[in-house]
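There are two complexes below, and they share subunit A, which is joined by subunit B in the first and by subunit C in the second.
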Partner chain A sequence: MEKKTVLNVSNLSVTFRMYSKGMRKGGLKVISNLSASVREGEILAVAGSSGSGKSLLAHAVLGILPRNAIVTGEIEYMGEALTSARLTKLRGREIALVPQSVEYLDPLMKVGKQVSDDKYAVKRAFERYKLDESVMKLFPFQLSGGMMRRVLCATAVVTGAKLIIADEPTPGMSEELAARAMKHFRDLADAGAAVMLITHDIDLALRYCDRVAVFYAGTTVETALASDFGNIDNLRHPYTKALWRAMPQNDFAPTPGTQPYAGNLPDGCLFAPRCDRVTEECTRAAPESRTLRNGEVSCIYAD
Partner chain B sequence: MRTAAGAIGRPLKNVGIYLLRGVSLLLASTIIAFFLSSIAPQDDPIHAYIQANPGVSAENVARMEEYWGLNQPPVARYVTWLKNILSGDMGYSTSNRRPVAEVIGVRFRASIALMMAAWIFSGILGFGVGCIMGRFAGRLIDRVLKRVCLVMCSIPTFWIGIVFLVFFSVTLGWFPFGLSMPIGANPDEVSIWQRLHHLVLPALTVSFLSFANLALVTREKLADVMESGYILFAKARGEKWILRRHALRNILIPAVTMQFGSFSELFGGSVIAENIFSYPGLGSALTASGKTDLPLFLGITLFSVLFVFCGNMIANILYSFIDPRVKRGD
Partner chain C sequence: MLIEAKNIKFGYSKSKPVINGVNFAADEGERVALVGPSGCGKSTLSQILAGCLNPQSGEVLFENKPLPRKGFCPAQLIYQHPEQAINPRLRLNATLREAWTPDAVFLDEIGIAPEWLNRYPAELSGGELQRFCVARALAPQTRFIIADEMSTMLDVITQAQIWELMLRQIERRGLGLLVVTHSTELAARVCSRIVRFESLTRQGRSTAV
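The block that comes next holds the complex of A and B.
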C-alpha cells in the first residue's frame, strides 16, 4: 500500500526583507527551490551543514519565521495547501515541533505544565520516556541534559501529532543518549507519524531514517534512500558524494571551498564552484529537480 | 534532598544576614552623616544662635556648649547619640521644638502618602508603557514612546515640578499651589479629597523620575523575551495568551528590581518635590534641619536609610517567589 504523503514542500523560497542600506532590492534570499516530502511512518532526515536552511524550513512549515520573511512556493499538509488559517488550527495538535534546546522552554514555568495543561496526558507522555512523575514539578534549569531532551520530545508526543518536526535533537548528547533519542523518533514513525528530522549528524541519522534530503546553501540537492549511503555509486549528486567521502568511516576527505553565503550565491547550480564535474552549462541556470533511481536530484549530470 | 532543618534554617539564616547587613549599613551611614555634619560650617546651634545675636559673652557660649554637650569631641558626641538611639531616644528637634521621633512620625505620614502615590503611579505607568513598547518593539509606537521616555529620563525633578506648578496650578488652576491641605484649614476638617487634590502634582513630579526608566527596562526585557526560543516554541505549538502565560513572569524580575530599588530615588525625589510644593513631609523637614538641627537631620538620615534598605530587602525576597532559580542561588 502506498503510504500517504503527510508533508510536501515544493519549490520553497524564503527571502528576508532587509532594511539596511546597500542591500539589493528584494532582500536576502536564504532558501531557494527547496523541496522535501515526508510520508507517514517514515523518518526523513534533513541533512546539511549550518546555514543550509534546515531550521528555516522547519520554521517556514510552522509559520514562525520572523515578520520580515517572505515565503513563496507550496507547502502541503495531507494533500492540501497549508494555509495560515489551517496552520493555526493544526500546529500544536497535528503538527508538532521538537525544539533544539532548553532555550525553548520557559525558564520560569514548571515543565509539566509546559508539556501540557492536561496532567494525565503529561503523565502518559512522561511514562513513555521513563521520566519520573516528580519531574513535572521541576523547572527547566533543574533538568539534566538527557531529561531535557526527553521533556522536549514529550511536548510533541503529548499532542499525538501526525507530523513531527525535530530540529537538531541530538547535539551535545552522549552517543548513547543520542541513539536513544533517535530510537524514540523511530518508534514514533513506526507508530504511524511522519517525522522530519533535521540534523547535522548524518552518520547517526542514517541508522534510523528512511530517506535523506541533502540541503546545500538553501536548496535541496538530493533526496536519497538511507540505504543509498552504503555505496557511493548509489548516490546521485556530487555534493552528496562529497559528503559521503567526508565521513570518517569512508575516505574522511574534505572537499575544497565552503558553502556560499546567502546574498552571495553563484549563478546557476549553487554547488558549481566546488564541483569537480562542473561545465559552463552548470552556471547558466539552476538545475531542475528530477527523479533518478527512486530518489530526487538537482544536477544535470547525475546518473 | 533538603532536610526539614535545612528548610527552616535557610530562611532564618537569610533573616540573620539581612539584619546584620541592615545594622552595619545604619551604623556606617550615621557615622558618615555625623562626621560630615560636624566638619561642615555652621554646624551647631550655638554658632547659628550667636550669629543671630551678637554680643554674647564667651563665658555664656562655653556654658551653652556645656549644656548641649558640644564641648566634647565628635566621637564622644556620636557615642552619646548612639546610646540614646539604642535606648529609643532619637533626641530633640531644635527647629521643631518637639522630639525627633514625633516630628518624623508626623512628617513621614505625609511623605509616605506622596511617595506611595508616586511609586504606584510610576510602577503601573512605567510597566504598562514598557510592555506596549516591548510588544511592538521596532514599530512606530515603540519608536515614539521610546523617544518620549528618553526625554523624560533627562528631565530633572525640580524642573518638571516647576513646569507642573506653572502649567497646572497657575495657568489652568486645576490644582493648588502647594501644601498638603488648604491654607488655614483645620486639619481635622480636611477631607480625603482635599488631601488627594494637594497630593496629585507632587506625586506626579516624583513619579516622573522613575517611570521612564522602568518603562525602558521593561521594554528591553520584553523585546528580548519576544525574541526568545520559548515564545517561538509557544507560537509553534499554537498556544493562546502567550504573553500572559510566558512573558509576564519573565519580565517581572527587572521591573521589581527597578521599582523596589528606586526607593532611594523616590526619597530623593520627594525631598525636591516637597520643597517645590511646600509639602510638609520628611523631605522639607530635612532641608529645614540641614543647618542647625542635627538630631533631626540624623534621625531622618537613619530613617531614610532604613526605608531604602527595606525596599531592597523586599525586592530580594520577591525574587525568590518570582524566579525559582534565585532561591537556589546559594
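The block that comes next holds the complex of A and C.
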C-alpha cells in the first residue's frame, strides 16, 4: 500500500532581511532549494553540521521564524498547501514540535499542566517516558536536563499528532535514555505518525530512522535510505561520503575545509570548494536534484 | 607515573560528596578514555586533575610532586563548550598568547587561518574556536592533555579534523592524554585503554582495549 506523504517541502528558501550599512537594506539567504518529505509511519532523519539550516526548516514548517524572514517555496501538509490560517488550526494538534532547547518550558508553570490540561492524558504520556506521577507537580527548575527533555517529548506525544518534528531531542541524555527516547519515536511512527528527526548524531539516528536527508550550507544534497549508510558505495553525494568517512567507527578520516557561511556562498555547487571530484562544470550552476537508486541527489557526477 | 590522583574526595557540600575515594593514574605517552553515566563525576575529576578545582581531601601528583599551585599547569584541560572557555571580549590573538606564542607553522598545522587571530570569539564557529582551545592547551610546557567531551557538539567531519591534528601533536611530543567521552567508537579510535569511572573508586588500573 502506498503510504501517504504527510509533509512535503520543496524548493524552500529563507532570506533574512537586515540592514547592512546604515539604512541600506540587504538580504541574507540562509536556506536555498531545500527539499524534504515525510510519509506516514516513517522517521526521516535530517542530518548535517550546525548552521546547515536544520532548525530553520522546522521553524519554517511551524511558521515560527522571526518576522524579518522571507519564505519562498512550497510547504504542503497532507497534499494541501500549509497556509498560515491552516497552520494556526493544526499547530499543537496535528503538528507537534519537540523544541531544541529546554528553555522552551515555562519556568513558572508546573510541568504537568504545561504538557496538557487533561490529567489522564498527561499520566499516560509520563508513564511512557518513565516519569513519575509526582513529576507533574514540579516546576522545570526542579528537574534534571534528561527529565526536561522527556517532558518536552511528552508534550508532543500527548496531542496524538500526525506529524512530529523533533529538533535535537537527545543531547544531555545518557546513551541509554537517548536510545529509549528514539525507541518511542519509532513506536509513534509505527503507529502511523510521520516523524521528522533533526539531529547531528547520525550514528544514533541511523539505528531508528527509515530515510536520511543530508543538508549542507542550507540546501539538501542527498536523501538516502538509512540502510545505504551500511556501505559507502551506496551513498550518492560526495558530502555524505565525507560524513561517512569521518565517523569514528568507519575511517575517522576528516575532509579538509569548512562549510561556507551564508552571505559568502560559492557559485554553483556549494560543496565544490571541498570536493575532490570538482570540475569547472560544478561551479557554473547549482546542481538540480535528481532521483538515483531510490534516493535523491544534487550532484552532477553522482552515480 | 606522569600524573596520579590519590583518594580524591570532592563535593559542593561537606555531607554530600560528588566523588569520593577516587584513584587514577596515567603514564607518559598513554592515551586513556574515561567513560561512565552522566552525572557520575567525570568532569569533576577532569577539573581536579587540571588543577581547576581543589579536592576536599586526597592529592594530585605530577611526576610524584604535587601539582604546581602557581604558573603554567603541565596538565591542560579542553572543555566541551569552547565558547564558554574563551573570553568573549578578547581578540583570539590575545587569548592564544595568554598561554604561549605559537609560530606560523604550528598555526597552519592546527588549522587556524591567520585572519582569525584578529577576530572576536563571536565571529567564529564552534569548530574554529575549539582549534584555539586545542592550540592554547598544546603549549610547550604541557605534558598531559585532558579532553572533556571536547568534540561532542561538533559534526563528525569537524570532530575528525580536530582529533587528527591533536593526535599528530600528541604523538610527536609523547604527551599523555585523558579523553572523557560517551562514544565507545571514539574511545576505541583514539585511546590505548578504557577506564570505567566506577572502577576508579576501587583501584587505579583498568583493562586494555
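Criterion: the second predicted complex is superposed on the first by the 297 of 303 C-alpha atoms of A that agree within 3 Å, B and C clash if a C-alpha of one lies under 4 Å from a C-alpha of the other, contacts with A are read in each partner's own complex, and residues count from 1 in each chain.
Quick note on the criterion: a residue touches a chain if its C-beta (ideal position, glycine included) is under 8 Å from a C-beta of that chain, and two chains touch if they have at least 3 such contacts.
This one's a predicted model, so the numbers in the text were calculated from it and none came from an experiment.
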After superposition on the shared chain, which partner residues are touched by A:Thr283: those of subunit B (first), subunit C (second), both, or neither?
neither
Quick one: is A:Ile202 in contact with subunit B, with subunit C, with both, or with neither? Answer first, second, both or neither.
second
Would you sort A:Thr83 into first (subunit B), second (subunit C), both or neither based on which partner it touches?
neither
A:Asn294 in the overlay: touching subunit B, subunit C, both, or neither? Say first, second, both or neither.
neither
For A:Thr72 in the superposed arrangement: first (subunit B), second (subunit C), both or neither?
neither
Report for A:Arg91: first if it touches subunit B alone, second if subunit C alone, otherwise both or neither.
first
Per the contact definition in the header, classify A:Ser49: touching subunit B only (first), subunit C only (second), both, or neither.
second
Using the superposition described at the top, list the residues of subunit A that contact subunit B and also contact subunit C.
none
Which bits of subunit A are touching subunit B when the two form their complex?
59, 62-64, 88-93, 96-97, 99-101, 103-109, 139, 141, 155, 159
Okay, in this complex, where on subunit B does subunit A touch?
228-230, 232-239, 245-246, 249-250, 322-325
Of all residues in subunit A, which touch subunit C in the complex?
48-51, 144, 146, 171-176, 200, 202-203, 242-243, 245-249, 252-256, 258
Quick one: which bits of subunit C touch subunit A in the complex? Just the residue numbers, please.
37-39, 125-128, 152-161, 163-164, 182-183, 185-186, 188-189
